[in-house]
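Questions regarding the structure given below will be posed in turn.
Which chain is which? They are A, B, C and D, in the order written, and residues in each are numbered from 1.
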Amino acid sequence: MKVDRRSFLGLGLGAVAGIAVSPVGLKLTDDSSIWTQNWPWTPVPVDGEVTYESSVCSLCPGSCGISVRKIDDRPVKIEGLADYPVNDGGVCLHGIAGLQYLYDPARIKSPLKKNGDKFEEISWDDAIAIVADKLADIRKKGSPEKLACIADKEQGSVSGLFKRLLKTFGSPNFYTMPSLESYLEVTAAAMHGEGKTIAFDLENSDFILSFGAGIIEGWGSPVNCFKANASRKERHAKLYQIEPRLSNTAANADKWIPIKPGTQADLALGLCAVILKNNLFDSNATANFKGGFHKLAAILQKNYALSKTAEITGVKAVDIEKLAILFAKAKMPVAVFGHGRGDGAQSLKELAAVHTLNCLVGNINKKGGTFVLPKNEYLEFPDESMDSIADAGFAKSKTGRYVNQLIEKVNASSQPAIEALFVYNTNPCYSLHDPKSVKQAFGKIPFVVSFSSFLDETAKEADIILPSHTFLERLEDVPSCAGLAKSVVGLTKPVIEPVFNTKNPGDAVILIAKALEGSIAQSFEWEIYDECLENITSGIWDSLSEDGHVVISDGPGESTAVNVSFLADNPVTIQAQGDYELTLIPIDNMRLINAGTTASPFAIKTVSDRVLKGSDIVIEMNPLTAKGLKDKGFAILTTPMGNARVMINLNEGMMPGVIGMVEGLGHTLNTKNMSNKYVSNKGVNINDLIGPVIESGSGLDAAFGIKAKISKA
Amino acid sequence: MKQENNKAHKFGMVIDLDKCTGCGSCMVSCMSENNVPFKEDESNKKDSITWMRVYKLTNGKSFPDTEIVYLPRPCQHCGGKGDHGHSPCISVCPATATDYGYDTGIVSQIYTRCFGCRYCMGACPYHARYFNWWDPKWPEGMEKYLSPNVSPRMRGVVEKCSFCYHRYQAARDTAYYEGRDDIEEHEYQTACTTACPAGAIVFGDLNNPFHKVHQIVKPDPHPDTRNKHVIGKSRNPKVFRLLERLGTNPKIYYLSEREWVRKQGDNYLDGEWDEIKNHHGSSSHG
Amino acid sequence: MDSALIPKGAKRCSFPKFTIGIAIVSAVLLWGVYAMFLCWFKGLNQTNMNDYYGFALWIWADLAVIAVGGGAFFTGLLRYILKVDELKNIINFAVIIGFICYSSALLILAIDIGQPLRGWFIFWHANVHSMLTEVAFCLSAYFAVLTIEFIPNILENRQVNKVPFFHHLAHNMHGVMAVFAATGAFLSFFHQGSLGGVAGVLFGRPFAVREGLLIWPWTFFLFTWSAAAFGPCFTLLITKITEVITGKKLVKDNVVYLLAKISGWMIITYITAKIIDTIYWAMVTAPSLGFTLSHFYTDNSFYGYWILVTEIIICGVVPGLILIMKSTRENPTLRIIAFVLGTIGICLNRWVMVLQIMAVPVMSFDTWALYIPSWQEVATTILPVAYGIILIAIAYRYLPVFPQEKELNR
Amino acid sequence: MSETENKTENGSMESAGECTAGDTKDDKGLGLGVIFFIVAFVVCFLSGTLLFPKLLYSKKEQPFNFDHALHVSEAGDCESCHSLREDGSFLGIPKLATCLDCHAEDPMGETEDEAVFVEEYVSKEKEIPWYVYSRQPDCVFFSHAAHTEANGMDCVTCHGHIGESTSLKPYEENKITGYSRDIWGKNIFGIKKHSWDRMKMDDCAACHKKETGHKGYCFQCHK
């Protein structure tokens, strides 16, 4: 057979035609497109039965009820829990993004021990043993008071267990980080007596006069405040917002009253002066005043005359007068204090001055006003057994009044003022002013134990990390704080098996106590934390475990005395540190968290590019202040504490002379081995640029801002 | 099949801008509900996928008369000119990867059909459509929170708000199971609506007079006397739609007491606003 | 082997010289190919496009090459249907340029889509309402026509033509070319038009939207007309460049004058229509939607009124006038200036109709968006240019592209 | 490549001259060409039709055999195991817990499959990794309730007579797409005789078109 060109042509054409008529082409074309529709690297979530579990979010003091939607037993979505007394179905973005914390790349996956500048994984048994040995040593040396603990809050069983451990160990050095609740208690203590707290009935008030309280910026219990604010329209209630910046609250308010930073106390006192002068106060209420009401009145008339107040605050005299009258004549007025989220630095002068307004118009313990309530105490711990070391140590006075003083003392003394420190659920190395000095103090404390879930700024300073379950993995009582008109205790329940080798912090404390033996171990007789919780909440456990929450008190209490002695001593107003021309103040942004926790990747994603651009933080200033600096240009911001490269956002909503920088950025949740690059190394931590300013008399860090200058980068 | 003969729904939304606090819950709820991915840097908002985006509007006045307002913008689910279902995006998609559900009024987007030509994005004046420039990636383990109700997207396709259609499907499944013909108002609510802590978003069937959204919007079923392409103009003087004059006929309505806010909903020639601002969907022939 | 392939009697540069030239251009081509593979394997994150600029450099390049490739269909139409016989002397080259332009356009589209393996959905799941569907169908069909039109020229290669089958095939194909030219003209009318329609139907984009006739917005007709007008300009420009590079006269002046004249009149009629369209849009269409002309041309650093003036007057009216007047048309310098301006003008028009549309904010609180292409986009956009140069070089070297070459270079 | 070289490679120098010459030779060449054409066509067509599916699909055995017929006779009907949940969603392949409603820790019956079931899954509390013949891509939302509850369709229309089978056929997985062969259908040309022979979108659309007059909107079946 002769094979020629045509044969080849035939062969080729035949092959092509054969393949073309066969299903190969059609099938491969179809299948290759189906392949792109199901790329193996694109995850396919597993389907299954849908179930819901209710729990309580404890990311912030707001304590909202949540409903966790699970599919095939995997939590897939967090939503607000309908009919929950705090949030009634609403929920904030951080709570919704809660599942991202569960799988956060910066989560600590097992107990860690610091070795040089690295952490290495150890077992729980070893970790507890190391901690117990160290503590036993301290006790042996006879200075048990040198064990300190910094927790996020006073309330709740886990804080209770820490306190109990310290007490039976022999240390009074239990500290909490500043929070709205702590300020409410400080204010209540100064004006109504110890053991009390203050709540605001925003849902019912018809005139809310907010002294910079970011009612929709995360102040108090955020979702509760959102709801109260949203209901204003229907109730025809007014909101007047006093602060230097057109915040979201100011924008949403009926009126924004711009004021020079740090002069809210003066305006409040000026308003008091007008009310007194015009006899607009409630004389029944003032009958309860003690501690020098007349002295105070005299000071007000002398120091806070209209024109003088106007000069100090930058608010026009007529406006002050009008405002005072409007406030005093409202049916259910309430003056709200705790500027920003109320968890940053505050001065007692401001807190007391604003609250005096409430007292003057007689809204204490009245609907739509403020409630003076007993502290939320629902836990019944059995009596501790104390040995002599414990008794002696616990009887000593605290090393410092507040965390700030503790840090100061540790840094000041050459011998270790504190031998061992527990840090639970808080991040002082990020959220206190001048974190550098906090880290320095941590460095001087020989043994730091962190109970953090994440490798945050403070955990990185620890010698041992005993990682906690996140709120989605553990059982815990969550008392609502933060100025809520009702006291609610919620129950956080595990909605998923622990993802990593972590523990409930309560269990960690019990294990440490047991390892310490003797009277300490005797005070912790529970096998596990869950048993302890049931035991110490026995009074409310049934309804707590069944309904997921208990409302402890609801509505106003009885009338109460008002002590104005702090103000009657004519305290000075705190001034911003430094002598630059401008004032730097923090901005609260609901989409960021400024307490210990870092915002989730989703939350960071929602942050505007006029707040964070790439890794650059954007500061706000009035165009009048800019002096040649351009919008979206770069500049160097300098304060007495340091400087930072910033991007400029020229914002007409900013008072001239004031610079605003957002709180909650500049986290560094990264080490060589693990990092959450979605939220880390973005922007600047404003606390690095502000130093503490201690208010005499109260001992509070009251630095509302700091003097600053800005120059072209 | 009987359920397909039911009277058509027209799902829509009214957002109270005076209640909106700009908190971002709607955005995160949406991302979490719909398996929206995230990446290391999301500060370039021009390539950041947020089906629901909250814009910040200002009145442009200087201190201290400045005012700001937040405007949440999901997909507007346009009905197109004359509300015939030819929304700007649907009519341009060459591969029928997006279509108009005439039974719901919802504009779909099918990721597996889309081949990524992005014509729909060019067509949408609201920038409600987003392209997957990257493959979605979750940190190790985090893919466990993904919901099977919404298919994760692959790179190279367009995605957008679906009015949480899977929730509609789920509600209908329950109704079928219980032998009901239709679903109740509360059974189908979008993730942004239920998440809004201020209760600023109201969602429901614009065609159903018993639904709250209908009662607030009071949509005019007749063409606007000034522009025959516009159907469903609100008869509530405080309610407006975005770019209504283009004839896109969105199903997202906005509510504000403030005139400057309403004015920013559309573009006007000099002096035109004063003439138009009191023109609302007429009730005379309604 | 090289010399055996060169058309009989034609002089070509030495093979090494040719190879070096091709190698240099190939390097650029490979750069583009590398960028193309980056885009295919890593995705479109390789570009600087974003959600505002979903259409950007590539789509512009696509529209531009198709517009300048319009010389092929229009010259074909004139040559085969309207029997303007002189144009047989440039038709081959016009077809080659068209072939390059259209194959490039298809290639760019294949890179531009996010899911290239699903590209066939445009045919299989076609949405008849979409202008892009019309584009895809007509573009592919016309590319097939161009290939058919190109084949006879390839078959005329000295060696290929020795095969009787190919010889006869080439001959017979020439005979039926009028049918294909007619088909091509018809298809071109639609896809050039639908490319214009792509912008004109965007009723959400007041900068783009136009009223029109039935389902076709005015841009539909303007695009077809402008491609027909400026396409020959580009053909003549490339012819001139080829003449300069080869150092030979390839097409007789009378042919050039004729095509230039036709192009000139087409430009003048087009630009008149374009001016009317612009005025109507600026005075009626846009204001009815609440927009003034200044909204589109101010408040930004790039898209000023200059772009409108440049497109319409400098690169539209001016080349049109040059080409319709005999004295200026027959002045070599002015003629080349007209070709260059015309080519810039049509490209600028396509730029405006793609990128400025994306840049203009529509919502009152939105902002202007500007965009700078990434190197990958630039490289893949230069790729077709390099490919075009190589194909023209090879075609010129081995195919009898210019029938008058021998006569002119005796 | 030049013409001469071409022929040299064809291995027939003698035919080189003949080939371009006379008509008769041409005919002969053409005849050979036709034969080659036919042979190549048949070979390619058959390999595309018969061999290609073998390459495209890989056979996978189920964890153990499952006797549908037996279970139907014992348990009642399909819905006994493949039921709808109370929210109207479809349970799909039941989990181990459902099996254990009837099965105990001890094997029921003597079969080897029962032994595997008990040893490998029941005692280890492991879910059985069934291959699902009808598994659709992730982008598909299919409402069983809409079909069975609201419109009274039976299982057979889509799933065929699997309920009458006593053994499970091998699962054939498409190596490119990862999906079961049953989606495209056993017939490589995609030709179907019964409504359950294929489960592609076109099949859904055709039925919808027939039953409702409209093939349906995208979101009806996509998520």
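The criterion applied here is as follows: contacts are C-beta pairs under 8 Å (C-beta built on N, C-alpha and C of every residue); 3 or more make two chains touch, one makes a residue touch a chain.
What you see is a predicted model, and the numbers here were worked out from it, not measured in a lab.
A.B. asks: Across the interfaces A-D and A-C, which one involves more C-beta pairs in contact?
C.D. replies: So, comparing the two chain pairs, more contacts are at A-D.
A.B. asks: Nearest chain to the global Cα centroid?
C.D. replies: If we average C-alpha coordinates per chain, B lands closest to the whole-structure average.
A.B. asks: In whole angstrom, what separates the CA-based centres of chain A and chain D?
C.D. replies: So the centre of chain A lies 56 Å away from the centre of chain D.
A.B. asks: With chain centres defined as C-alpha means, what is the inter-centre distance between chain A and chain C in Å?
C.D. replies: Whole-Å distance between the two chain centres: 62.
A.B. asks: Which whole number of Å gives the spacing of the CA centres of chain B and chain D?
C.D. replies: Whole-Å distance between the two chain centres: 40.
A.B. asks: Could you grab the centroid distance between chain C and chain D? Build each centroid from C-alpha atoms only and quote it in angstrom.
C.D. replies: Going by mean C-alpha positions, chain C sits 46 Å from chain D.
A.B. asks: Please set out, as single numbers or ranges, the residues of chain B touching at least two other chains.
C.D. replies: As it turns out, chain B has residues touching two or more other chains at 44, 96-97, 111-113, 135, 148-149, 152, 154, 156, 170.
A.B. asks: Using the touch rule from the top of the page, what residues of chain C touch 2 or more other chains?
C.D. replies: 115, 118, 121
A.B. asks: When you check chain D against every other chain, which residues touch at least two of them?
C.D. replies: Within chain D, residues 87, 89, 137-139 contact more than one other chain.
A.B. asks: Taking the complex as given, what residues does chain B use to touch chain C?
C.D. replies: By the definition above, chain B touches chain C via 44, 46-47, 55, 57, 71, 81, 86, 88, 90-97, 113-119, 121-127, 129-135, 154-158, 242-243, 245-248, 263-269, 272.
A.B. asks: Considering the complex alone, what residue numbers of chain C touch chain B?
C.D. replies: Chain C reaches chain B through residues 43-45, 49-55, 112-116, 118-119, 121-122, 125-127, 129-133, 136, 198, 201-206, 287-292, 295, 357-358, 362-366, 369.
A.B. asks: Going by the contact rule at the top, pick out the chain B residues touching chain A in the complex.
C.D. replies: Touching chain A from chain B are residues 18-19, 21-25, 27-29, 31-33, 35, 38-45, 48, 50, 54, 56, 58, 61-64, 66-70, 111-112, 135-136, 138-149, 152-154, 156, 170, 191, 194-200.
A.B. asks: For a test of understanding, state which residues of chain B touch chain D in their complex under the given definition.
C.D. replies: 1-4, 96-104, 106, 108, 110-113, 148-152, 162, 165-166, 169-170, 172-179
A.B. asks: Per the contact definition, I'd like the list of chain C residues that touch chain A in the complex.
C.D. replies: 115, 117-118, 120-121
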